[in-house]
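Encoded as structure tokens, the structure appears first; notes follow it.
Naming follows writing order (A, B, C, D, E, F, G and H), and every chain is counted from residue 1.
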Amino acid sequence: MSTDYTWHVYLAGEIHSNWRQRIAEGIREHQLPVTLLSPVTDHAASDDVGVDILGPEAEAFWKDHKGARINAIRTRSHLARADVVVVRFGPKYKQWNAAFDAGQAVALGKPLITLHNPEHDHALKEINAAAAATCREPEQVVSVLRYVIIQS
Amino acid sequence: MSTDYTWHVYLAGEIHSNWRQRIAEGIREHQLPVTLLSPVTDHAASDDVGVDILGPEAEAFWKDHKGARINAIRTRSHLARADVVVVRFGPKYKQWNAAFDAGQAVALGKPLITLHNPEHDHALKEINAAAAATCREPEQVVSVLRYVIIQS
Amino acid sequence: MSTDYTWHVYLAGEIHSNWRQRIAEGIREHQLPVTLLSPVTDHAASDDVGVDILGPEAEAFWKDHKGARINAIRTRSHLARADVVVVRFGPKYKQWNAAFDAGQAVALGKPLITLHNPEHDHALKEINAAAAATCREPEQVVSVLRYVIIQS
Amino acid sequence: MSTDYTWHVYLAGEIHSNWRQRIAEGIREHQLPVTLLSPVTDHAASDDVGVDILGPEAEAFWKDHKGARINAIRTRSHLARADVVVVRFGPKYKQWNAAFDAGQAVALGKPLITLHNPEHDHALKEINAAAAATCREPEQVVSVLRYVIIQS
Amino acid sequence: MSTDYTWHVYLAGEIHSNWRQRIAEGIREHQLPVTLLSPVTDHAASDDVGVDILGPEAEAFWKDHKGARINAIRTRSHLARADVVVVRFGPKYKQWNAAFDAGQAVALGKPLITLHNPEHDHALKEINAAAAATCREPEQVVSVLRYVIIQS
Amino acid sequence: MSTDYTWHVYLAGEIHSNWRQRIAEGIREHQLPVTLLSPVTDHAASDDVGVDILGPEAEAFWKDHKGARINAIRTRSHLARADVVVVRFGPKYKQWNAAFDAGQAVALGKPLITLHNPEHDHALKEINAAAAATCREPEQVVSVLRYVIIQS
Amino acid sequence: MSTDYTWHVYLAGEIHSNWRQRIAEGIREHQLPVTLLSPVTDHAASDDVGVDILGPEAEAFWKDHKGARINAIRTRSHLARADVVVVRFGPKYKQWNAAFDAGQAVALGKPLITLHNPEHDHALKEINAAAAATCREPEQVVSVLRYVIIQS
Amino acid sequence: MSTDYTWHVYLAGEIHSNWRQRIAEGIREHQLPVTLLSPVTDHAASDDVGVDILGPEAEAFWKDHKGARINAIRTRSHLARADVVVVRFGPKYKQWNAAFDAGQAVALGKPLITLHNPEHDHALKEINAAAAATCREPEQVVSVLRYVIIQS
């Protein structure tokens, strides 16, 4: 009576460490029926996509705006399709887009897993209060997925 | 003009008898296009999953809390995907999680089938009032599924 | 740039003439990517299903009730899955369940096609006002589906 | 700890007997915090409203269509606002619009009360299966409202 | 910048102790802008309402069914209107309807507060995992409401 | 970690230039996992479908009405299934149906891409304010899809 | 049994003639319980609001964008609150925002009334197919509202 | 034809400067029909509410968790009721809860206004891409509200 469907898991947040790779490895190792989704993780491409495709902007604000609206197409599609949303908060930067994705996930009724170090526990208490699990290591995320998907 | 799609049927509730197996056998025997979904039915694994994956807790309340939130990922995903939800109430224990699942199923607009002995009829009257069928035996659940899915 | 997905079309209403067969033939003839769904069309089986599976009732009201609640599992699942709902009103009987299905379809945002003779135009004006097409013959339903699905 | 809000109750269906008046009298007598809503009950006005306001039609079908679409504005608004929907089926006519309203009410998640004689029990079994109560007399509807609203 | 609207708080569950009165007293004492809603708390009236209004039944199952469907009108209306749902689990009985209400509340996105003794912590872990607060005493419920509503 | 699912992209609006072909070519060239959906683009067939299938009308208004309601079946199904909606505004005609489709797409939460010349910027400012990208050439639409779908 | 609640009617579209005033006069004359809502009808203020409040833009596109996004706050709030949406198409300009509002209204399930001259019937056929009434004069809109609201 | 209803505006985010007071003053000065809603702004009370009401915790994580879940009752109620959500990002701290609120607001379809200095433009580009306006000063927020609500 195992689960027969493929789960879509959206990996939002930090793009400066190898946490997505570590989750992908765990998924492969345990042969979990999971499709991983992610934002565009090429930082420069993500920042420049608006002006690269649609033409230059004199103002940084509008350059950002054009790019962010295009990236939102991907985010929105992935969030809509996700069975589970994992949000990683790294040690650096504001990462407001990670928290923004978490907010959307929760309002859409998607189960949320957070991944971050204890030093951010207090700052992330509102998001963790809405999460199904708070993990410290990517391998714990794999363990949670393995348990909820194939019960082992 | 038979139904061509696979139905997802979530079997919630009691984990201490073989009712899920009896339904699975009926599904196989009648070759119904049904995928059965279930909660994690290993009682110890289910109770301990929070601390097993995410680390120990001094307080029983938080141990339970960590585990229950992880189990909720599976429940929520299965409820969202289910075409029909079957909830079994056995002779023992409080089984509030079974009634809780039934409440979620009804509010999500999922057709609900209950499975329990007549001695619980009065205590389950609110849930049965919202159900599409009240069965006494797992084989009746199979008969209902067989009728609604392949009309035989 | 043809449509690549299979359309689910729920054929609700009258079970005393061969209109479903005529639509099925048209679907086959034009090789439309359509899966037809229908209620249980065996009148006796449909009337008796409640007591057949769940045990006899002394009162006709409760016999009907048990059967109708089981049939509703199928109806609800088909309505939820349908891309288009066709409701046929025949020359005889009250057929309130057909109108009831039409009401559910409209409230769920499903495109509705009605199929009936002109003599019922006035009595069906509220339902036709919410419909996308009012057909007189099953072959017209096929033509509408053929046009909207494969543009020919 | 009495209910403090006004309930909106939509009285759909038959317009050829005084059942709405009898319910209104009961509401007044028991001083229930209920606002009764109804369709336009002037049969001729309802039939002719389309051509009366928007100009004549040569075809009866389109005369009906124009009128029915205008009446649907009122129905849709009342259904959206209703806390409870009562649908009356009388002894005569097809009354498909009553069953259509019942279907919309159920799909919108509104509690449904039906009001009809036993002779229609079999024809209305699908609608009654989705209803919260089947009443024979308007005074029973009042009793149900009185009980659920002011607990007496 | 105080909250200016009246909160509707639905008090579901146990009807055999004075917890609703204690919450009502706290609401009055602190002059909170709260309207308390409750199920029908007269046990006998609640059990008999179906046959009292709609006529006798030979079978206990259908007597229960008729009553429970009428009570569901009230429950559904209150749940739909509630800003917060409080569910009390007492020391006795199965109380599956309390857990059923909690399930509906959560699926409808209503903030949930549970109220029960520590001895039920393990049995209620799934429901508490979805709750915003687990209280032991009615006065704690009042404190939570006071804090979230008037910030004092 | 590439996206593994097929995206449905609905191409609404102008039917008098080859923009759909140019997008289709780009999709093929870059082997994007995209299924393109479109309205019926045969202008005469689209205008006449109502009377062609359902019989002649004396009034142009009702001829249009019958046709438009049938076309709406296709539009509604495509909009519901679309992951992204592209709306093209050409140099001629009122094209109110294009703007109408854009409004439906936005209210359904679908990411919207507009495609039009700068001369229409002011007239389309409300629609562009709700869009994720404003393109001038079909190839830019392909670039946006390529970026959000396969991150290249 | 008259309607007791105030209807909110959103008057979208053309801002260059006195149609809103004529509807307002009719509402007053017949003392209808209607609150009329409208977009900002001061053309210059509407065009300039973005730069007036948030600072100048070098590019016309971004000036429009800033203004349109602010105007969308009002539109979205009014659409959400409206019981009925009236959209007026005048003789001049593209008026794509009017059609865009109509699309949003329909997707949100709001009853739609259009108001325009016959010369636009063909271009508006898709929108009229989704509308409850097509009026030629503002006084007809008043008549429709009067009929559906106070049944006279 | 002025707006006749009171707008609820939720002021989320930073609690360390007087921006809420400045908006409140502007609302009063211009007599806008606006009710301002806010989170609990007493930092210590907000941090300690969980243990203050429900008892001490040995672990900081659970202390935070208990408090955050209670605060979420208020946030969720305010977000549900808000016509407009304003989120302020200040110069200090992670402020992930502000971004989390913004994500929920957007997913719930609430118009969003951001308020922050230009130095955060790049970090907030995803949130600003989903916002209706980006303001630098509280008085600009007042101007936006004044314009969209009373058109002056």
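Details
Note that in this section a residue touches a chain if its C-beta (ideal position, glycine included) is under 8 Å from a C-beta of that chain, and two chains touch if they have at least 3 such contacts.
Computed from a predicted structure; not experimentally measured.
Shared contact partners of subunit C and subunit G, listed by label, are D, F. Summarising the inter-chain layout, the chain whose CA centre lies farthest from the centre of subunit F is E. Of the two chain pairs shown, E-H and B-E, the one joined by more C-beta contacts is B-E. Looking across B-E, A-H or D-E, the pair that copies the D-G interface, with over half of its contact pairs the same by residue number, is D-E. Superposing subunit D on subunit G by their CA atoms means rotating through 90 degrees, a value rounded to the nearest 5. In terms of their C-alpha centroids, the spacing between subunit D and subunit F amounts to 40 Å. Centre-to-centre separation between subunit B and subunit C, using Cα means, comes to 30 Å.
Between the CA-based centres of subunit E and subunit F the separation comes to 49 Å, rounded to the whole angstrom.
For subunit A, the set of residues touching two or more other chains reads 69, 71-72, 109, 134. Of all the residues in subunit B, the ones that touch subunit A in their complex are 8, 11, 20, 24, 35-38, 40-42, 45, 49, 53-54, 66, 69-74, 76-78, 81. Of all residues in subunit D, only 1, 3-5, 7, 83-84, 109, 111, 113, 131-135, 140, 143-144, 147-149, 151 touch subunit E in the complex they form. Of all the residues in subunit H, the ones that touch subunit A in their complex are 60-61, 64-65, 67-69, 71-72, 75, 89, 93-108, 118, 120-130, 134.
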